[in-house]
Amino acid sequence: MKKIIATLILLVFTFYTYNTIKGFRFGHDFLNAKTNNKKISQKIEPAGKHYLENNKLENNASNVVTSIVVSYRGFDTLGEVTVLFLAATGLGVILTLTKKEDDDENENDSSEGEPSLIVKTASRILFPLIFIFGAYVFIHGHLTPGGGFQGGTIIASAYLMMFLSYSNFKINHSIFKSIESMSGLTFISIGLVGLIGFGIFLKLNLIPMGVFNTLFSAGLIPIVYIIVGFKVGSELTAVVDSYRENW
Amino acid sequence: MVDYAILLIALPLFAAFLIPLVAMVNKNWPKYIPILVTAFNSVLSINLLLYLNAHNGTPFIVKIGGFIPPFGINLFIGYLAIILLMLISFVGLMISLYTINTVKDAESRYYMLFILLLMGVTGLVITGDLFNMFVFLEITSISAYSLTAYKRDGLSLEASMKYILIGSLASVFVLIGIGVIYYSTHTLNIADISNHINTVPKYIKMFSLSMLLIGLAIEAELFPVNGWVPDVYQASPTPVTTIFSSIVVKATIYVFFRVLFTVFRADLTVMNFVMGLGVITLLIGEISALKQVNIKRMLAYSSIGQVGLIVIAISSYSSMGVAGGIYQMINHAIFKGILFLGTAYMITSVSGTGKISDLKGIAQKMPISSFIVSFSIIALLGVPPLTGFWAKMMILSSVMSSGHQIIVALILFATVVEAVYYLKFIAVIYDSSEITNSFKSTIKFNKIVPIVLFALTIILFSVVPQFLVKFQDVLLKAANELTNVSSYISIVLGS
Amino acid sequence: MSWVETVYNYSYFVGAFGLIMIGLYAVMVKTNLIKILIGINLIDVGVNIFLVSLGYIKGKGAPIFSNASVTPANSIDPIPQALVLTAIVIGVAVTALSLSVIIKLYQHYKTLDISKIREMRW
Amino acid sequence: MNVLRTIALILSLGFLSSILFYKIRELRNLSIIASLSVALGFVIKFFGIYTGIKRAFSYKDLFYFKFDAFSNFFVVLILGVGLLAILASWNYMKEKKGETFFYVFFMLTILGMVGLVYSRDMLSFFIGWEVMTMGSFLVILQSNEKDRFKFALRYFIISLIGAYSLLWSMFIIYNKVHSFKFSAFNSSVFTKGELTTLLITISIGFLIKAAIMPFHTWASGAYSRSPLTFTAFFSGAMSKMGIYGLFIFLYGSIGLSAIYKTGYNEFFQTSYFQYTLVWLGVITAFLGTLRAILSEDIRVMLAYSSVGQLGYMLIGIGLGSTLGLTATLFHVVTHGLFKTSLFIVVAAIIHRTGKTKFHELGGLINNMPIAFIATLISIITLAGIPPLGGFATKWLLYEAMIEKRMFFATAITMLASIGAFLYAYRLIQNLFLGQRKLEHDDVKPAPLTMQIAMLIPALGMVFLGFFPNLLIKYTNLFIELINIDFFKLGVKVTDTAFTNSYGYWNAFYLGSAVVIIFIVSTIYYNLQRRAKIYKIGQLDIYTAGEYVTRETPLNYSFNFYGFIFDSLKPAIKYSVTNFITRISKEFIALSDFVRRIYTGNGQHYAIFTMIFTIITLIYFLS
């Protein structure tokens, strides 16, 4: 019964979606297409085109996606960081063991599920490498594909590997928490500096823009991305840690 | 210089990130941070109101990152936003006062989530960018998911699970809608989309509209998609429930209509559909509330009904109706603030489980809060000359003049149903036969003060006619901001 | 344009909405909470693919000007990519949160069947 | 200073002092009584001056009030009855649980009523109406009865339905006329259907407050469960607000020609709507009387008696002729007087004995002589026996009905007035005469304030009985005032009599004759008694050769009209009350069914979401 209803619903949904998509022109070059529609009172170019063309002037970052994420739509990114922060916090709240349940599962047989020595050794070697790779990704966020989120995730994956190979691997919670908070505070502080100095929140061209397509370019974008990288890395690690500790 | 309006968002965010550090220094400090933040926001929003009054009431925008509107994200602040901001910060302040020493094993994370929830709602109200709105919607809902599960017992986890399930669907629909509308207009700025919306083929526009409508209807608690609401309201901690009912819904309703009115320039067919949804929501909510035994669940259904009423009012699309809807938003926020906080205060005093019958005869022990709760119920029912009546008058007259006589009759019918269960509740708390429950009586000032302040607000709105007349003026201007698309566009994009 | 042609040309859209449909089917039919969560993730992925494919322009490349051959004129629309980045992060956050809720629910009810977890109703 | 503002100020001061001194009994009561009497004096002082001249003021073009004789008529009734009721409450409510807030809410009710009576726009009328309902609801909650909540709730909910019916019709009018003023009504912009809707919704609103069948279900409970001194006000003044509303809406605002537009019957020379009203009144008068006859509880009996009496007033309204309206206004006054008096008597008896049933009481004439006199005068008025005022009402009413050729209805109404005599007789027979119960031997007379409160209306009734023409002089004026200018004045008034096309009624001569006969017969009786000194006590009888003691019940008072009850038994289960109870039960069952849509299963909610998606898509995309 449920299956039939679901199928029917999806069929109707597909029908209308199909009809809508039919109206799209896939791969159409809308950025450079000329509109001669007289209905619009003021003609404004597509935002994407504006970003592509003015990016070098305004942000001096060779990766346009990065400059959109961090600079043009930096407010979104602030929200995004907040969402991750929220998820980590909420996870901590939900997974915190209440004392009653604590007594039931008090068996600490750590030796049985322990991985083999090869795994342990390999992960010990790989850990700094992955860590550095993550750092590389977020430091070069304005030059190459990648950035704070990606780099942070890679770092978290390094910690995940350590959690998997060492069942008693522990991280220092207060340090991670402080990193999380400090990086968040720094992000907002950068925004507030712009507000105090120029009356513009999240103004990122406060420092010299540097030479295009080099590490020291794009104003504050790399710095913000480094902060984001730290934040995402510590948050995701905390998430993974919460799962591991409270399962 | 109104760029400091961004502090409405930046400061709570700053405070939320600061809380873990503060908690490391002293475990007791974090609980005062929400009070500081909401107090600051209250002052700031009053300041903005004064600014707006001094500048002919023309709404202004705040550019973030210094980019000109269609290319950067901007905030849009007018009377409507300020009314909602004041509501958010005032109710938030009251609830944070109430929350001190309330949440069991109160930890810093609760206050972080609390502040971020308020921040998300604030962002929803003032943002001028469609995708940014989505981000704030997600901030709001994710903090709401976590706060719902905060008690960590079976009920709250269950509620949180349902909320997440439906909320994810909502975000998916919103995202699809935003994608389609972006593809058709190549912009995400609300004003810019609105400027281009007439060039979009009708089929695609309507598809996008229905996607956004579904997604936002879920958040705005409209009928067929509000299954999560009663559970979430019942299971979450009472201060959080109060925020859901008083603030979050109001902000989502605002977003709902901002999208319909401004982004899509919705026409009468859409508005009739929405009005139908509102009517069904109103009826189902009120009728379902009739046989509830749990007080919070009853209030939850009542909130659903009130949402229906507000939606009916705003979807009438006349300035009077929209103004009435906004007025009812304010009223309902205050009434539900009193009702949730007051009943929670009573329930904690009798150590009950939240059943209505637990509160039998409580009025003899707690006369002040019982009186205020009854008073707010009477005001909520729209007994003249209290404030609920004027809002209802505005709503009814506008719905009537838009030619929906039957809907007026249905609204009145729903109010009668509402009166039945609310008065039954009053009858229970004033029942003098005997008190079955043990009662531990200590007047807690931090609990009674918010309730009393809320009640004073009702009296202020009801009794001072000069204030009322001026207030109506502001309401009409706020309504105009919501309905007048061309002025929105010209303010954001420049003429 | 026949429907075969549409499907062929719009394979990204078809794939995206196919994923969405599969996810929705899982959400509506499967009773196991983990499977429902997988369904939600499928929908998320589908929507993300949909968003990315909206910005695609035939014959153009990624908008990263690291060498001179890439110019604004032959780059695709960068905005959907930025949006997808945000959407992915949000999806991850929701998934993480809901997993934790499911874990706790399982510990509490000893079941993952959504139709049995209904203490609150009516 | 404006008269209206002064009255509002005086009454508000009384209200405020009732709040301020809510714990100090003497100060509170005195200030309330003072404010009410000053206001009453004020109204009476300017009553004549502003007769015909309309003093008005408006506020913000939204609220519009008028000080004219028609309103003053009702205001005098409200303030007078209110004053008596509060006077009686001084002793009645003393040291009772709800005493402190009783006065606050009582004053609130009076404020609302005065406001609605003076208002000349629908908005302020409605506000006053709701304040009145709310205040009376709260007063009912101050009584000591156990089941007061149940009945108060029922009263409030049904009143709310009425009020919202009224509100709806107000919006229908406002939507067309764009003004809430009564005088702004313009029947030409309405279609016939709309007018019919208007008339029906308006009359539902007011018939509920007047407790006309089938909307009377709240009345017996609310009347009998509220503090009885308030019931005196409730039945004596407040129920008339429904009548006042019908006056002002139907004849003052909408107008007779617009009512005729909805359908006119040549034979009865009236519209179908009015014809229905008349029949509702007749049925109410008959069935209300019947229920009163069958009641065993004094309070319930008086409650149903009120229902029946309101039926008479509705008949007059429905007729819409000068004679009918005069009869109604006249009956408003007489009913106000005798119901106030009767309820205060009953309050005094219950206050002293604690008993509420007929068969638990008896022989109280020696304990409460003043109450007996008041009761006697009241029931003579109630039953419509000449020479007291009740007769004039009936006379005018029958004439008005016959004028419209409603002979069958007249017959039933006459039957109902005989019934009124039946139940009124019980008040004398079962309460004051007969055998006194043992435990009531040392029952003290009614408290002083209550004695005053019950005697003043009795005096008023006697006065009205002798000089009905004085009142009718005014009622003619009022009917003129509410813009029914196309009525020819059918009732002519001389100094001692009034005349209409059907006859002539000189109450003074008849009353004097009765008094003279009474005096003569008293003298004769006393002379006779002096001749044969032979006193028979109550116990000077034998049954089956046994002496009768005080314990033996001699009085036939339980199930007094049992034979009527037995014969009507099959019909009684079909009462409206049962019907409404059933409907409300069904509705609650429905609500239980509706809320099951929230199944609690998260997956169902997801499916609902998808169904909603499909519906939305189908609605918008096809």
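By written order: A, B, C and D. Residues from 1 in each chain.
Here, a contact is a pair of C-beta atoms (placed from the backbone, for glycine too) under 8 Å apart; a residue touches a chain by one contact, two chains touch by 3 or more.
Computed from a predicted structure; not experimentally measured.
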Contact-pair count is greater, between A-D and C-D, for C-D
Using only protein Cα atoms, the chain sitting most centrally is B
When centres are defined as mean Cα positions, the distance from chain C to chain D in whole Å is 70
For the pair chain A and chain D, the C-alpha centroid-to-centroid distance in angstrom is 74
Between the Cα centroids of chain A and chain C the separation in whole angstrom comes to 16
The distance between the C-alpha centres of chain A and chain B, rounded to whole Å, is 30
For chain B, residue numbers touching 2 or more other chains are 131, 135, 138, 142, 145-146, 149, 152, 157, 160-161, 165, 169, 183, 186, 188, 203, 207, 230-231, 288
Residues in chain C with touches to at least two other chains are numbered 24, 27-28, 36, 54, 77, 79, 86, 90, 93-94, 97, 101, 104, 114, 117-120, 122
So chain D residues touching two or more other chains come to 592, 595, 598-600, 602-603, 606-607, 610-611, 613, 617, 621
Seen from chain C, its contact residues with chain B in the complex are 20, 27, 33, 36, 40, 43-44, 47, 50-51, 54, 77, 79-80, 83, 86-87, 90, 93-94, 97-98, 101-102, 104-105, 108-109, 114, 117-120, 122
Given the complex, residues on chain D that touch chain C span 592, 595-596, 598-603, 606-607, 610
In the complex, chain A touches chain B at residues 16-17, 19-20, 23-24, 30-31, 35, 37, 39-42, 44, 46-48, 50-51, 58, 71-76, 78-80, 82-83, 85-87, 89-94, 96, 98, 174, 177-178, 180-182, 184-185, 188-189, 191-192, 194-195, 198-204
Chain D partner, complex, touching residues on chain B are 161-162, 165-166, 169, 173, 203, 206-207, 209-210, 213-214, 217-218, 224-225, 227-228, 230-231, 269-270, 273, 284, 287-288, 290-292, 301, 378, 381, 383-385, 389, 393, 396-397, 400-401, 405, 408-409, 412-413, 415-417, 419-420, 423-424, 427, 430-433, 465, 469
Seen from chain B, its contact residues with chain A in the complex are 1, 3-4, 6-7, 10, 13-14, 16-21, 24, 62-67, 70-73, 107, 109-110, 112-113, 116, 119, 123, 129, 131-132, 135-136, 138-139, 142-143, 145-147, 149-150, 152, 157, 160, 180, 183, 186-189, 192, 195-196, 198-199, 201, 203-204, 207, 493
